[in-house]
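In what comes next, subunit A is part of two complexes: it sits with subunit B in the first one and with subunit C in the second one.
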Partner chain A sequence: MVIMVEVLYYPGCSLRNTYPEFEKSTYAACEKLGINLVEIPEWNCCGVVPSLAADNVMRHLGAVRSFIKAQEKGKEIGTNVVVTLCSMCYNVLKRVNLILKEQVDTLKNVNDFIDDQPDYVPELEIVHFLNLLKNVGFDKVKERIVTPLRGLKVAPYYGCALLRPDRPEGVPIDDPENPTVIEDLIRSIGAEPVEFPFRTECCGNYHIVFEPSIVEMRTKKIIGSARLGKADVILSPCPLCTYNLQHGNETLDRSEQVPVVFFTQLLALSLGVKSHLSTEI
Partner chain B sequence: MSEKKKTMATIYIMGKAYKVPSTLTIMESIEYAGYRFIRGCGCRGGFCGACTTFYRIKSDYKLYVDLACQKRVEDEMYIVQLPFIPAEKPKWDLDKMKPTTDEVIRVFPEITRCLSCNVCTEACPQDIEVMRAIQAIRRGDLEDAVNLTFDCVACGACSIRCPAEITHYQAFQLARGLYGKYRTIPSKHLLKRIEEIKEGKFDDEITRLVNTSTEKLEEEYKKREVEK
Partner chain C sequence: MNELAERVKEISDQNVYSCYQCGNCSAGCMFTDEMDTLPHQVITLVQMEDKEALEKNTSWICASCFVCSVRCPRGLDVAAIMEALREIKIRERGFRKIDLRKIKDIEKLPQIAITAAAQKFTW
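After this line comes the complex of A and B, so read on.
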């Protein structure tokens, strides 16, 4: 493999335990694209939900401990870029990092508390894998495609964690109202993006635990909207959205369902490497 | 006078001051002070985790945890023992489980509440990296968790300090069980021994022991060959 880009990589618990196909297809695609993902040693769970209270620093510790490991590994390989795939991990890591960059007192608080590790110097950049591809260049991605997915109609689903909130500034990976990055990816792999109005709607998130009916209501709308656009498949960037959308599919008739796959699976498929797609799709 | 200060230490057992020789362990010093252990004593060898002791030292804000049978007393030490940690032991059946993180989380969902504060690690008298092991389970790396927690004596100090109310030592027991059952190579001599037991190779020996009088057993015990 000719390495064009070398970055630190934060996998997150969902990829490791629930959706290995997301991670495996990413590794396969990266090898083709010359992207070297260097896993952060002994990364911690990101914390799942970021603290909304300004003074609840405890909630940031999981993210910061991973930042410290990343910072030390980054010194070895000479990078400050941390790439992550899971939307929830991205959201938490990005927000905590931005808070620490902006708030000197919070940074000091956290560093004082974590007295068993080196201090975190907030110089890491948290980047979502989609934006890493964008930075590498979708034209470069296109050059390496061996099996263009011609004629495949793909519904780009963003969910919320990649686009919201807009405070602290810099969280959204794209224009929150009119994102295009997944569409750009779909075009680069030779498929056709489907326009559908529910692409940035929330899937219902953790209501799946206590009130699944909320998730069913929302995902039915999302899947129905994609189906009206004649989508063959919904492209998801998020483990939780995928879980919820698949739950929504299960409540629908077979004829009304639209399969849900991770964006890296179609990317891997078009690159001619193992996509880890389920045989049913 | 100064010499005497070095040889004796003042300790506080549940708030009451005692002067004890500073060469004693916490456990010995409590006995020196006149208490008799009926619980919280255990093996006296640093293995069983029954004598978990929390203490502070004057003018030091930190809360320390050690095993009373292992830690030597220090001057101005405020001591309390926690011989029992309230925690329900959930039941599980290894035969019906898979060696995955999801299975551990199913039995111990609270491990997902870990805040990464690392207070558990600071509390561990065995110097186990407790938080790191919990996070290893979350990462799906049972092997790392198993290796990190091999020395756990299940004293429960971590679980008393945890803000997420995790019972770490129990989760580690499950992780080690799953890993041992499904991921390690079966030990041939153990399988052979189990067969031998099933075939009744040791039945006569056990029956003889059960039917031997206490006096005779004591005599045999004294004459036993000690492994060198």
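After this line comes the complex of A and C, so read on.
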């Protein structure tokens, strides 16, 4: 396959430890699509939730350390585009990067603090894999599909981190209230997106750690909504949403459950790679 | 501006007096079932310098999903106000680690869940 696109790639912790199928299916799909993902050397945790306190920049540091590594690697291969898969990593990297582009003082502050590395010059662009696909073109993706998933009804779940907040400007990968990018992907792989009013609602996030009942309340509603749309499967872009939705499934009767997969798993399947789905699905 | 509102502004860069109590944040919030006070009511408390705002569970239930912030017609980042209220409490009581022994299924949970909880509850 001719390489059409070469970008820097930030994997994030959850892909390496909890959900390797998310990453493996992505690599397999990228090989078919001619996308070369160059992993950032020595990347570290993004911090997961960026600070909302204007006076707390400590929480930006995890992201910035990875930016510095990305910046140096980017110089070698000639790109400033960093692609992420995990929604939460995307949200943190995107927001911190935009904040550093806007706020000269904050940039100086973090650069002074990280004194064992070269300074970060905020010229990277953070892109979510879905938008990379959109930029490549869903029509181009469609051309490469060898196993269209005809008749499969898919509930596109967006969650929060890809769509919100809307400031700094440029964080959402699509319209925060009426996104279509996952639907476009579903159509391009030959499947059918279902109407799904809870698709942009929160799964309960980190409450799974200390108050799982909150997550159960949220995810039951989301799964129920997908089931009303007669979805065969829920497509998730986020490791934590996936974990929470699967937790929600476990509290439901088998007949009420809807399996949850990562969008790249169905993408890889339709591109002719068979090995990244569990046998249940 | 009262002292509490001033402190919230310092931390979140949000002016609570912009709020005109339309209730849009509370209408869209997915977690109100768990809250003892609705988000727009908490903002009223801050406007009136009622320290009860810090004792309500609202800011701790808020999971920063940002539906309120996206929908606020006054352009307030409501989630950031909730974070400011959390931060005021956390900074008063001092840094505290989360108790890992209290986490069920710690081996199964994705790291992002534990790290996010640690960020939100301990800083």
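As a convention for this text, the second predicted complex is superposed on the first by the 279 of 281 C-alpha atoms of A that agree within 3 Å, B and C clash if a C-alpha of one lies under 4 Å from a C-alpha of the other, contacts with A are read in each partner's own complex, and residues count from 1 in each chain.
Convention: contacts are C-beta pairs under 8 Å (C-beta built on N, C-alpha and C of every residue); 3 or more make two chains touch, one makes a residue touch a chain.
These figures come from a predicted structure and were not determined experimentally.
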{"item": "Room on subunit A for both subunit B and subunit C (clash or fit)", "value": "fit"}
{"item": "First (subunit B), second (subunit C), both or neither touched by A:45", "value": "both"}
{"item": "First (subunit B), second (subunit C), both or neither touched by A:204", "value": "second"}
{"item": "First (subunit B), second (subunit C), both or neither touched by A:182", "value": "neither"}
{"item": "First (subunit B), second (subunit C), both or neither touched by A:231", "value": "neither"}
{"item": "First (subunit B), second (subunit C), both or neither touched by A:258", "value": "neither"}
{"item": "Partner chain(s) touched by A:116 [first = subunit B, second = subunit C, both, neither]", "value": "first"}
{"item": "C-alpha centroid angle, subunit C to subunit B via subunit A, nearest 10°", "value": "80"}
{"item": "First (subunit B), second (subunit C), both or neither touched by A:268", "value": "neither"}
{"item": "Which of subunit B and subunit C A:59 touches, first, second, both or neither", "value": "both"}
{"item": "Which of subunit B and subunit C A:19 touches, first, second, both or neither", "value": "second"}
{"item": "Which partner reaches more residues of subunit A (counting touched residues only), subunit B or subunit C", "value": "C"}
{"item": "Minimum C-alpha spacing, chains overlaid - subunit B and subunit C, in Å", "value": "5"}
{"item": "Doubly contacted subunit A residues - partners subunit C and subunit B", "value": "13, 17-18, 45, 47-48, 58-59"}
{"item": "Subunit C partner contacts - residues on subunit A that touch it in the complex", "value": "12-14, 17-19, 45, 47-49, 51-56, 58-59, 86, 88, 160, 164-167, 176-177, 201-202, 204-212, 214, 217-218, 239-240, 243"}
{"item": "Touching residues on subunit C, where the partner in the complex is subunit A", "value": "10-13, 30-31, 33-34, 61, 63-67, 69-70, 77, 79-80, 83-84, 87, 98, 102-104, 109-117, 119-121, 123"}
{"item": "Contact footprint of subunit B on subunit A as seen in their complex", "value": "11, 13, 16-18, 42-45, 47-48, 58-59, 61-62, 64-65, 113-114, 116"}
{"item": "In the complex, subunit B residues that touch subunit A", "value": "100-102, 112, 114-118, 121-122, 132, 135-136, 138-140, 163"}
